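Read from first to last, the chains carry the letters A, B and C; within each, the first residue is number 1.
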Amino acid sequence: MDSFREGANVNHKNADVVVIGGGAAGVAAGAAAAKEGARTVLIERENAPGGVLDQCIHPGFGLHRYKEELTGPEFAHRLIAEIHETDAEILSSHYVLGIDPIKRVVSTVGPDGIVETHAKSVILATGARERPFSALMIPGPRPAGIFAAGLAQKFVNIHGVLPGRRAIVLGSGDIGLIMARRLHLEGVEVVAVVEMKAFPGGLMRNVVQCLEDFGIPLFLRRTVVAIHGEDRLEGVTLADVDEAGRPIRGTEERIDVDTLVVSVGLIPETELISSFVELEPINGGPPVNSRMQTPAPWLFAAGNNVAVFDLVDWVAVAGERAGRFAAQYARGDLTARVPIRLIRGENVLHMVPSSLDRETITTLFLRVPRPLLNVEVVIGGVSCHRQLGARPSEMIEIPISAKLLSGLSQASEARVEVREG
Amino acid sequence: MIQRKLVCVSCPVGCEVTVTLSGDEVESVAGNRCKRGETYARQETVEPMRVLASSARVLGGDRPVVSIKTDSPVPKTLIPEIMDLVRSLSVEAPIEMGQTLATDVLSSGAKLIATRLVSRADSE
Amino acid sequence: MRIAVIGAGVVGALIARELARFEVTSIRLFEREPDVGWGVTKANSAIVHGGFHDRPGSVRSKFCVPGNSMYESLCAELDVPFQRTGAYVLAFDEQETAALETLRTWGNENGVSDLEIHSRKQVLAHEPQVNPQVKAALWSSSVAITEPWELAMAAVETAAGNGVSVHLAEAITGIETRANKVCAVLTETDRYPVDAVVNAAGLFADRIAAMVGLDVPCLYPRRGEYVLLDKKSAGVVNSVLFPAPNEITKGILVLPTIDGGVLLGPTAVDQLPDARGEAETTPEGIREVLEGARRLVPELNCSLAVKAFAGLRPESTQEDFVVGRSPIEGFYQAAAMRSPGLTAAPAISQWLVRDVIAVDLSLRQTGSFRPSRIRTPRMAELSLEERDRHIRKDPRLGRIVCYCNQVTEGEIIDAIHRGATTLDGIKFRTRAGFGRCQGASCSASILRILARELHVEPEEIVQRRSESWILSGKART
């Protein structure tokens, strides 16, 4: 592809801020950038914004942002109403082909042709995708009947069709738990949810309200080790695993099912920037500072493409922050700040942002690797936050206030630790 | 006197709470580390309530089903019957966000409402 | 003259296409699967070999080099992807280095003129990611990669365009002979009188041969397991990398795929003679692939694996192709075509049709054969301006459905018009669903488009064979 040549045919647009992705982060970012006065273009590859929220028909969204518990589509509706109140342009059914990091041009393709949007700053809000079952390389045939949980969710909730009659769910992350309930309520026999780790991956609330409510068993330290069935799935073999995830011989059991729903992790979508921004190995996405700015100063990122978040309310907060600061950058108003690089200490898995600065109020999001009790978050030796307990499925959010920032010493780095008391 | 154990879901700790019942009356709650745990345990033991989310058949719309929910929590025990009601519904497009599709489902006091808007199939 | 070709893999498809040049009453191409190229053709390394791996004097060696030399123009004629990557056979010790010389000698005898022995330094300059412990390597500039199922489909499309009847999902159940001459082929539903039969039935060629009482070829399946890496790995190798071969197999390779991925494999494990169904991957096989691949390229990031898959090849006890006439009059064979079957296919189809069948049956060329086809271009491979022009004529060529591979709705509809009725049919024609998300993002949309274009309910669409149902029904009927 000879990209970014000034083609005679292609449409050219100018914008201050271009937001890539019209999910929760992108819509919040677009609304915030437009409110800050930036000429904003939001690019969405589906035919309307909303992203994955449209298929998340269950409640659990908006408790923090709207003080009400909403379903995904309702949350999306409110966020989209916010952006509609601004003069941000929404370019739907457009797919981003690439970002030219030197010319800062975002090339897209849609049913009306190619568009090249020249931007002063860009916000990446492309979310995360599901790890496919095939990537686990479980040996056996490759029959029909194995669905990524999100795909099963799309089939049931958007298209009104069912993936099968008798199912096992692999992975106890929230998507897997939610789909176990959804399928059960639709008359599918959900035999069990199996989880490789020693604790469930999703919220305890979902374990109770998706599994216990319906008598669906949850098997921990157990996983699928073989697939059966040539054309359509006929069964799976389960086995116990040790801490390293290795199957324990002698614990195998074959279960007859025609459907396998797979929820084995989300991966930040960073294709568009990975050639010019080095990704953070643990988060899986680009490092961002407290203004959601990546090492490329004109490029901001927010949402699941930075690190996999738990609550969409936080994703919207991150999006807004990115929108505000990307607009300021486009105006030339964003002064560089001296960063305080955050270093992961004890019990810190995902961490957003990767650095703070002494002037910017922000929120620090942390994910712990295993369940902990009586946790204390210590930043740069200063105790910043306490809570009764923490689980991997629920991020810890620590407001980074002016007071907290002034309390940090003049060092250029600060260690972040989650201590179990 | 019966004792029932449950996990509180109000926060990430997941306290294992023990509720002691005398008949249908809660005598005591133990194991919770905060007040929310007690409130949760009491309700959950006496009458667990849930918001039910599902989808209803759409007629003449730009999509085959519309996402719906109960507008307030309903007794968990009513869920199977409410699902039968949900399966029997057919809603003509266009559908507005929050549109009432059924009132006082199974005398719970809760309504079934649409959680998204649906346009007519022929509209552009 | 009525001719039946059995097997619409790349060999049978090219043979049927060659036959269509001639004046015959009818040519019928039979395929047991619901679509073209779903047997051996769809699960191999997609390599157009250089001709130095085959012992001189063998049938394989006779057809490999001519086949290779025909590929570029054939692919241009049929609008099939083709890329001349070149190849290295890597040697890590004295014994292997000596083996390179044998390969070079064989190559020369087989008519390959471009083979060179490269030093470690030269190899690492060309392929920086190769194991630095490499001692020397054989370089072949003629080795290439292609898209085998696309070639098979293109050949079938041109064959059909020139009058061949294509019978999909119609397996041959019997062949009638009279006085040692073929006279009819039988399927589950029909009987077709014929004057000649070509056995290009891949993994099942022995069963077809047995229908006329022949015990040649004598086949057994050999499984090869592969691992496909994400396109993010692209660039880790530029050419096809072979280890030094052993008696059984060319070894576990690391090579680029024509659509920008990286392929590792295959293993070579003999199966029980009757195991002819879909091949399965195994824990040992996957491990062997990763170990073998890392031996050649130690820094391979195998966490970027998108999938593991397996294919069966038809090995014969004769350890060579079985091509040409048979003791039964009118019964011709193009069988036991494991590696380099894909490479040899154009040469064999040309020789078998023009120099054998046409001679035996006194066939004349029609003179009105239309050899080429053009497929809808892959939008992802066009320049921005070209794409824009296409979209203004058809907006559906601007609606991306498969996000990983940038496949548009227009291309999917085109694939349906060209014969795709299943999810795999779309996948193999457009590459939609072949990417890193393995269909999680696009399967629902593709099903919807198939249902709409074919005027069926989404629940009626299957993955590949009719038993591979995807949806059990509607949630609200």
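Quick note on the criterion: contacts are C-beta pairs under 8 Å (C-beta built on N, C-alpha and C of every residue); 3 or more make two chains touch, one makes a residue touch a chain.
These numbers were taken from a predicted model, which means no experiment stands behind them.
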Chain nearest the global centroid, as defined over all protein CA atoms shown: A
Chains most often in contact, by C-beta pairs: A-C
Interchain centroid distance [CA atoms averaged], chain B/chain C, Å: 54
Centre-of-Cα separation between chain C and chain A, whole angstrom: 39
Whole-Å gap between the CA centroids of chain A and chain B: 26
Contacts with two or more other chains, residues of chain B listed in rising order: 55, 57, 64-65
Sequence positions of chain A contacting 2 or more other chains: 156, 158-160
Touching two or more other chains - residue numbers and ranges from chain C: 474-476
For the chain C and chain B complex, residues of the former touching the latter: 474-476
Complex contacts: residues of chain A adjacent to chain C: 1-5, 7-10, 45, 93, 95, 97, 107, 109-114, 116, 129-130, 132-135, 137, 139-145, 148, 150-151, 154-156, 158-165, 186, 230-232, 258-259, 274
Touching residues (chain side chain A, partner chain B) in the complex: 54, 57-59, 69-71, 73-74, 77, 156-160, 185, 203-205, 207-209, 213, 371, 373, 387-391, 393-394
In the complex, chain B residues that touch chain C: 55-57, 64-65, 87
Chain A-facing residues of chain B, complex: 6-7, 9, 11-14, 33-34, 48, 50-51, 53-55, 57, 63-65, 67-69, 76, 79, 83, 97, 115-117
